[in-house]
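In what comes next, chain A is part of two complexes: it sits with chain B in the first one and with chain C in the second one.
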Partner chain A sequence: MSDWVEACAAGDIDEEDVMRFDHAGRTFAIYRSPDDEYFATDGLCTHEKVHLADGLVMDDIIECPKHNGRFNYKTGDARGAPVCVNLKTYPVKVDAGKVLVQVG
Partner chain B sequence: MTAMTSSTAPPRDYSLTGRDAKRAIENGLAAAEWYHTEIPRKQMKELMQRSDQPAIRDTVIWLAAFIVSAAGGIWFWGSWWCVPFLFVYGTLYGSSTDSRWHECGHGTAFRTQWMNDAVYQLACFMIMRNPVTWRWSHTRHHTDTIIVGRDPEIAVMRPPDLARVVLNFFGILDAWHAVTDMVRNAAGIISAAEKTFIPEQEQPKAIRVARIWLAIYVATIALALYLHSWLPLMLIGLPRLYGAWHHVMTGLLQHGGLADNVVDHRLNSRTVLMNPISRFIYWNMNYHVEHHMFPMVPYHALPKLHEMIKHDLPAPTPSILAGYREMVPAFLRQLRNEDYFLKRALPPTAKPYREELHNDIPMAAAAE
Partner chain C sequence: MTAGMVIIGAGECGGRAALALRDLGYEGPVTLVGDEPHLPYERPPLSKEAMTGEAPAIKAIATDALFAERSIRHIHSVRAVAIDRAAHTVQLSDGSSLSYDKLLLATGSVPRPLPMPGLGGRCVYLRTFNDALAIRAHLSAGNRVAIIGGGFIGLELAAAARKLGAAVTVIEAQPRILMRGVPAEIAEIIHKAHEAEGVAIRTGQGIAAIDDDGAEVGITLAHGQKVIADLVVIGIGAVPVTALAAEAGLAIDNGIAVDQHLRTADPDIFAAGDCCSFPLAVYGGRRVRLEAWRNAQEQGALAAKNMLGADEAHAAVPWFWSDQYGLTLQIAGLSDEGRSIVRRDLDDGAFILFHLAEDGRLVAASGIGPGNAVARDIRLAEMLIARRAKPAPEALGSQAVKLKSLLAA
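Entry: the complex of A and B
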């Protein structure tokens, strides 16, 4: 399973921010942490299917823009109401200035 | 502003398990895509940024006002001099906690989450709203704002029960329902309506909180009996009645008299310009269209958000009095025709959105 796909250039995402990435009919959220690491999760909140890329990144937390549900985007853990179901996470690597996500 | 009327629709069913609940799902009104004014990501990020400083400042002032007013009420208890102190204490207890519960429930007031949680729990106790039940009901309110059969927080249903509205300025019916809900939850019973929006794994938490609260109220009543004095109850419990007036006054303006069953907060919510004292008590929730459109924006950034998007919103209502001057006649009209509502006029610079929902029943428009 080596289906790495290019999501964006590393510089496309500000530090402590998130970007939407759509691929093969699926949507993902790509994160750049305050310490300049990259992460990826499913793009929709597990509560009501809102795009997390419109939300707010604070440290290692992504907050959903609709109901303020919080996840740890590094682990996918739901961090309290109204989200109860964890987010799926995906491996990420940066190669030659490109952010690659293993979407399989 | 335009007034819209119709006379053919059946009476509304506000039950969360009733006819209109099913109809809202069938019509795509439940969990719909709502309108948002477009804001560049960079500006939106700036608006959403969390900070502890404004809420710590406001909370220190808030708690100090509690302590001073409570001390004055106790010191002067038995003389008329206690009245102004208890008026302030009651307004803080029975009204300012409405906005603190709300903002901290969203998790936007403070950047530090435990601070949000602490103020949330305290405010929920004072306003008598179970912190578990109301967190979930408010989630639904944001998903399905003023969608009949879906929104559990519609303050004035149609046709309006004006006696209930007036009684709630003194907290009477709200507190009665809060107490009966608390006793029911403390007995381990979650209602059918509550089960529609509280996930099963959260329900035991609602029961646990109800039991703790019930113990506090029993202890307060026991103390009052022991002291042969109303004072303990004037400080815990009764302020929810005698101090409710401000949160009801401002809360009714949020959606009162406006459209239901639309998916555009510009049409079913009202932004009202207010005096600074009311804005402190209300924590800027007078910017209500802005709050519903972007619930991630903290209360202290709402005035800036308002300036940024006002070209796309109906003109704000200029004062609390102006709000009541349009809302009360609308309530009176709804007594005769529950389909009557105040249609918000968007400015020429605004982007229209799904107007068919605003006009999907036979209506006759008349300029006010």
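Entry: the complex of A and C
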């Protein structure tokens, strides 16, 4: 089991928003949901490898900034054209005001 | 036995419609007919950087395996030549015919031909993957490329050609590039980006003569100047493919005329995507035709729904994007509906122009910036446009006010 990695401070992300997190040559997207929970997915859209952190978060959905592919960031499920491949998700926990992601 | 659903045109729109029929649970036969040899594929990459790689590949929207799994029959390299509305059949160019319960025309558009004598084999158009490959073969260092038309296809191609080291001249008859649908302030940024990359742009220049002798092409501009090129790409717009519909007696009005449900006057025939004109609800039913990837996708999916009896009206806001060098432009709505403009500056030189109607309604938003800098705010603007919102101009103009907060208002 790989280690938990500190991504950012809990307050760095607004509610219903997303932030990019790069670690060890990989890129992730960290989300804070409207009900104040944190989530993490792969950072790039499965359609054309665009950074999802530039996209819009509405409720449980992240929308790719380029071609509007939609994913549920809590589950990684692709929600219709043009995306058809699900997004990988990662466990997240908040500890002492820090957002930690299990990147393994 | 049911005759099933037949879709003419296997581009983005037709391909999406076929998949959508299955997503919606339809179990009868689905047949997709296309005149290209390929699976349905995405056209936007054809004019962009994606084509500058060593071996550009098709970005198919489905695989043969997926079509097989979903029982979608894809007939390729074949055209539809006639519709017999009374018999509910479509005749194909290979001599066969198909019966249908519902028919979707997703025939797309083709490049507008340049009505001039003197065009030869070195004067080409871009629409298909094969066109793109043929153009790609000419885009090498030292080669001279002239692009007729300073619209999106021409400018994106100019950027791709520069990346490969070709010498590029863009010739535009209008006083500036991107006259149609792009505000002057944004067109100017794109113009400067091209000049900085070494593209020669000649605006306000009609063409007096073209002479393609097979080895090179001489273009004589109306002002007398001459441009010599190894390849000429003509990108002066697109025309909808309507002959099949017209010959079947369906109404044509800048495209195959459909209602808000994408249905023609024949209740069993629908049209969607580039080939159709439709009433745009968000602008009081103004009839428009859109040549845009997302519209093709959305209308393909909506037509599929309505072929199955959903009776759902088209409600989307037009949306469009273009990539040139590191810049991305995004436009939501139709900016010609606006009477005044409010500018919102974002980080890194990016900005958005909000177009407001006389009554203060937000009718369009045009943004440009590096990477995806404007994407989020354009998407929010699109939602505000769809809601027919009248946001305070001060709020739109201030980066301190989050656009998302205006949605709640």
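Going forward, the second predicted complex is superposed on the first by the 103 of 104 C-alpha atoms of A that agree within 3 Å, B and C clash if a C-alpha of one lies under 4 Å from a C-alpha of the other, contacts with A are read in each partner's own complex, and residues count from 1 in each chain.
To be clear about the criterion, a residue touches a chain if its C-beta (ideal position, glycine included) is under 8 Å from a C-beta of that chain, and two chains touch if they have at least 3 such contacts.
The shown structure was predicted, so the numbers you read here are calculated from the model rather than taken from an experiment.
Student: So if we stack both complexes on chain A, do chain B and chain C clash, or do they fit?
Tutor: These partners clash in the superposed model.
Student: By the touch definition at the top of the document, which applies to A:R70: first (chain B), second (chain C), both, or neither?
Tutor: In the superposition, A:R70 contacts chain B only.
Student: Figure out whether A:A9 sits in contact with chain B (first) or chain C (second), or with both, or with neither.
Tutor: Once the two structures are laid over each other on A, A:A9 reaches no partner at all.
Student: Contacts for A:P82 in the overlay, against chain B (first) and chain C (second): which applies, first, second, both or neither?
Tutor: Both partners.
Student: Between chain B and chain C, pick out the one touching the greater number of residues of chain A.
Tutor: Looking at chain A, the partner in contact with more of its residues is B.
Student: Per the contact definition in the header, classify A:H51: touching chain B only (first), chain C only (second), both, or neither.
Tutor: The answer is second: A:H51 touches chain C but not chain B.
Student: Do chain B and chain C land on any of the same chain A residues, and which?
Tutor: In chain A, positions 54-56, 63, 65-68, 81-82 sit in both the chain B and chain C interfaces.
Student: Which of the residues in chain C come into contact with chain A in the complex?
Tutor: Within the complex, chain C touches chain A at residues 16, 19, 42, 61, 293-294, 297, 301, 319, 321, 328, 371-373, 375-376, 379-380, 404.
Student: For chain A, which residues count as touching chain B in their complex?
Tutor: Within the complex, chain A contacts chain B at residues 14, 17, 47-48, 54-56, 58, 63, 65-68, 70, 81-82, 84.
Student: State the interface residues of chain B toward chain A in the complex, per the touch definition above.
Tutor: The touching residues are 31, 44-45, 48-50, 106-108, 111, 132, 135-136, 139, 142-143, 199, 201-202, 294-296.
Student: Which part of chain A faces chain C closely enough to touch in the complex?
Tutor: 16, 50-51, 54-56, 63, 65-68, 81-82
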